[in-house]
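Order of writing sets the labels: A, B, C, D, E and F. Residues in every chain begin at 1.
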């Protein structure tokens, strides 16, 4: 163990030192000429907002839902992924996703270690290249972090780290390239404004495979495992919502009409999602719940993500209501299937993301795009291809990665460690004293 | 000396304490507990999964008293803690051998 | 119950579907020509900031102050209002408030369902119409949410929803129209920069009526009811403060000198409010408290709101100190009056809002406005009219709405439900496990 | 006591009233001509972000680390400092730091009470003078608040207030002037982009003196004193990180390439810091911890602060890794020295700040600056002078101030109060009920 | 009557409760406690400082039963609570003088 | 066997535990309780409303011991828990009928 860590630490240092002189000098010759300060301000803010979604947002959203003996372990999943994947993105990931396209499949290596990524304007926008890079970095980090909800309370920490790095490099970067980086899906005309496929389908269906491969938690379906701190989850929900404005409206890459439109659609879908889930739950089980409202908000947000810039406000409202009810159904239905997706990543992000991708093909009417209902039936077909291709790629890839990780370090903690909880067994800490 | 233990509804704690203090009781120890009994618990729902929770929050009072107060203490507790609805709780009395005040070393009834 | 819910759900869907095609297409013909990216960035951010005030800010501020058996119920008040009122605003409220003026009293219906509200510049600003709309939406949501503090721990959830919708449509929208939407108060020259009357007087005096009509909590004044989690309230305070920069400085509708001035006045008043309350409490009861400091900050913020864009920094300082001490006095005094305004909405927002409205008439000196002390005695008179008219309208209206709600669904939970707590009785959930 | 408070309250009111008419009128004649809305939006946002760092960020970061009987007392330190020092800054501090230079040592008095600080553009930027002032205000507040971690759980509240005011006026303002306000260190060419010396060295070495002068907590090294709520500390970490984007990238004073570069360096260093600490701890004590990751993130952020605008991404990565490991070492080493720096202000901010100052002299390559490794050996020397001069000035000054405060009101609570906890003994409150 | 106290591992609570209910027990009181025993505690590390925590979370069940059920109750608890590893806990039995149901005033076995 | 219960000041817990361990005690159970006694509680103030809180946080230790250790255990507790100020707490001793170790089924002194 120690040797491996040592080795990693040192390689990082060595590699970095080598690039250091080269790349850091290189990056400076961009001309800041055409930077638009308003656009730049907005995307800087949006990047910070997305950070806020990851930490503290998602960390607390998930942390509140687990049992108190696992809250730190759960937070650590998100926290360590944020740190680690950010560095991976800087060193490798960004280049693979946004480097010059190679055969529609992957980006070139010219941006390794951010060589040549500087203060100059990013083509087609009014913001510096570095700002575009860091905005995308946050997306890369949150996507991997989202998956962790499916194997909460039982994953080994070393396995988590290895899984995260492999998944980010081998699944996220290529997929981002396909859709946004000049790859084949984007070229086909697939619409994914802020990551319905790249972020939500990929994390949601990755999560499905994880839940199936890792198996249920000890006591799943037998002991009650109520969330240990729902106000913490509400706090996480609020921060996710707040940050999602950066996520979606920031994807316009400027403070323009498109951002305005995406901002409004995002907010409306969040609200409608909350109401949709609440009403569905109220009708089925007799009482509306806080966790239901919160889950519906997240479902609405995940669902509007791919169409945020393409849907009008009333379409967003309709889609949000639908998303809330549908994801509630998916989550209820899950209990019948028997896999243990602990924090419902599949039911919310997977189902929501796919619904949003399809709905974009139906309801697009803004931002120069149109869907089936506005006279462009071809778009629906493209969207289906986008959705299905993402699902297949992600599920197969995630399966292979999990198998590799299992062989190398083993996926699950021991049953003994699991009943003690991740906090003490993995980290020698307790959350509350 | 007697050790009186009583499990009551949490919102009755203040009333019971006041009544006992009026009776001349000078010390007691209170613990938050969960009770299981005829009073049924409640349901909780989290993302569509329903749990039946059988345990109800209760407060346990422990009270060491001289033998001759037993009857009055029991009556006082009953009077103050009764709401008449299910779950009002129980009183358990047992014998105690020794009581000692740490600060002074006093033993027996004087230690209470 | 179920039928009503079904009915609501379906009507929403139907109505939305009808508008959908019409409005969503319509909204797109604005020309984004004169949009200023800096202004747009700032108001997008400000809108997100105000969301952050509502959720998680206000939800946690209030949630920490109640007993632990009611924390989810309290959070749910704010959360469900945010979702519901946002949709009401999109469908109806915005049009009533900001549609073309009808007789000085109400806005026209041309913006129903956001028809015609698009990416084009909003007159007199550099921001898209949609951005103006969504910024105002956040104000509509927070105002209703503020009121809930007065009837915390005892309101029936169905009553809450009905009350919120009626109050928003019948009180908030008209009042917003009177002051900001071209109505009679605005025409009179009344100054209310960011909502001293529209937001704080209305919620504060609405709260007073609510506290009186609903009556005291069981055990009020007999049992101690200490806040169950003050760090949660501090967190809420911090997020409210943070968001308030968007609330007040965003009300300049651009990233200009006016925003700068409002930002600074806001911060100074918050600090001075905290100090004012702390010192007053210290002198009266011997110890300064964290809750006192936090309450004073909110009092300072509420009080500066109407004058944020019109007062200089030292006036803000003075007003803040006064606000802290005055609101502390009001809260102490309340206990003598016997009504149970559980979380002190009257003492802080009502008193603070009215004080601010009057103080603006005295101290205005910035942004092209002047008050009595700077040579314009007429302004004070106008401000008094603004304050008093708002109070009367809100109190009468709130009373009528409460009576209607009481008849339709009943206002209070049963005594049994109240002693079990709202979390279990209304929502089948516990906050902490 | 009461009299003193009365006296302070009244003097504030009187002084303010006098300035009121004069200054508030004065401030308005700036011409908003050359304001850049994008730059202004970004610095307004940045100021709000830094507020968010102080409250709720730092308050909760520290609050989670203490025992539950002291959490409110700890939060109160940060909260009251924020309020009080903001007012001190407005009245005096800003002028001393940024008024016209007097002999390289201190600023003139022309900005007392913000006289002449208005909406006009601040020279050399596109933002209003008021915005520059309020951005700097937040720095002044957080610096003093950072120190409180060293004497947590034992400082008397009156002593805290007096200490904060004296320290801010006598240490912070002059130091800020020396480096940023036209003073001798800035003139020498010392580089401190966002406050490695002004903020982190000063709070860190001030903290060292405080820990030594106040002495250990009762039971230090004997009883375990585990953090009472680590998720609260994680929340604080997340908000600090989020806000730090404003702190560092805002220090570019505009939404430009420099901000982009600082933003990216900040994020990378934070992530690398987290990884660095985690790996170091993992290797030494066998398990990675959440508190370790969080501490490493803060260490990375503190360390990159002075060089955020001058270092390239890979330099930031390297420096971050180093910062995490180094600060971990410092914190472990501390236990051997025996002083009780309760929340490790010295080990993180002191060590991190000094490391960052020196590293800037080595690695600067961006923003028109170069360090030793990029061919400018002189810079390293200047940076050493900056670091050492700050340390000496701060340590001597802090010592004198503490002695004065000790004589006037006494520094520590009584042992009895200390074992009851600050919450009850200083504030009559409990955090959790 | 007897007062049975048993300290068990928290995750065994549901099982033990079910087993007792099947036996016909109608009431019990549960407290979260920290146990010290042969089962060693754990280490915690905070910023490089290591603490040995000797106390392990346990659940205490208090159970008042008629004399004739003592044997069966003990056996049932042992069966349900045993995992075979160290720290399974203890059962302590003592004599009880009186039991009283507050709601009805019943005394003795009828109050249980 | 004897059941010793003692309510002490929370910050004395570690000291008392150490002293008992030295004496050879191998097990105990600890509960966080609130005590009411001669030690007065404290005032709390929330937005101008003042509450008198009568209950003080205490720690209760339960200890089952063989009869012959009673005297030494009591002395040890008194020595370790005494601070001399009011609120140091009490020791209560009662008779115990049976003790049983769940893991092994051992009964009596051997189960402790």
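A few notes on this one:
Here is the rule we go by: a contact is a pair of C-beta atoms (placed from the backbone, for glycine too) under 8 Å apart; a residue touches a chain by one contact, two chains touch by 3 or more.
These numbers were taken from a predicted model, which means no experiment stands behind them.
Shared contact partners of chain D and chain F comprise C, E. For the interfaces A-B and A-D, the C-beta contact count is higher for A-D. Listed candidates were B-C, A-B or D-E; the one reproducing the D-F interface, defined as more than half of contact pairs identical by residue number, is B-C. Taking the mean of the C-alpha atoms as each chain's centre, chain B and chain D sit 51 Å apart.
The centroid of the Cα atoms in chain A and the matching centroid in chain E are 45 Å apart. Contact with two or more other chains is made by residues 31, 44-46, 94-95 of chain B. For chain D, residues touching at least two other chains, in rising order: 36-39, 41-42, 45, 226-227, 229, 235, 285, 287, 289, 291, 428-430. The list of touching chain pairs reads A-B, A-C, A-D, A-E, B-C, B-E, B-F, C-D, C-F, D-E, D-F, E-F.
Those residues of chain D lying in contact with chain F across their complex are 219, 223, 419-420, 424, 428-430.
Within the complex formed with chain C, the chain D residues making contact are 2, 5-6, 8-9, 12-13, 16-17, 19-21, 23-25, 27-28, 30, 32, 35-42, 44-45, 47-48, 51-52, 55-57, 59-60, 63, 71-72, 75-76, 79-80, 82-84, 86-87, 90, 113-114, 117-120, 127-128, 130-131, 133-134, 137, 157, 229, 232, 235, 426-433. The touching residues of chain D, when paired with chain E in their complex, are 224, 226-227, 281, 284-285, 287, 289, 291-292, 295, 328, 331-332, 335, 344.
Taken together, the chain E residues at the contact with chain F in this complex read 2, 6-8, 31-38, 54-55, 58, 60, 74, 77-78, 81-82, 84-95. Within the complex formed with chain D, the chain E residues making contact are 44-51, 53.
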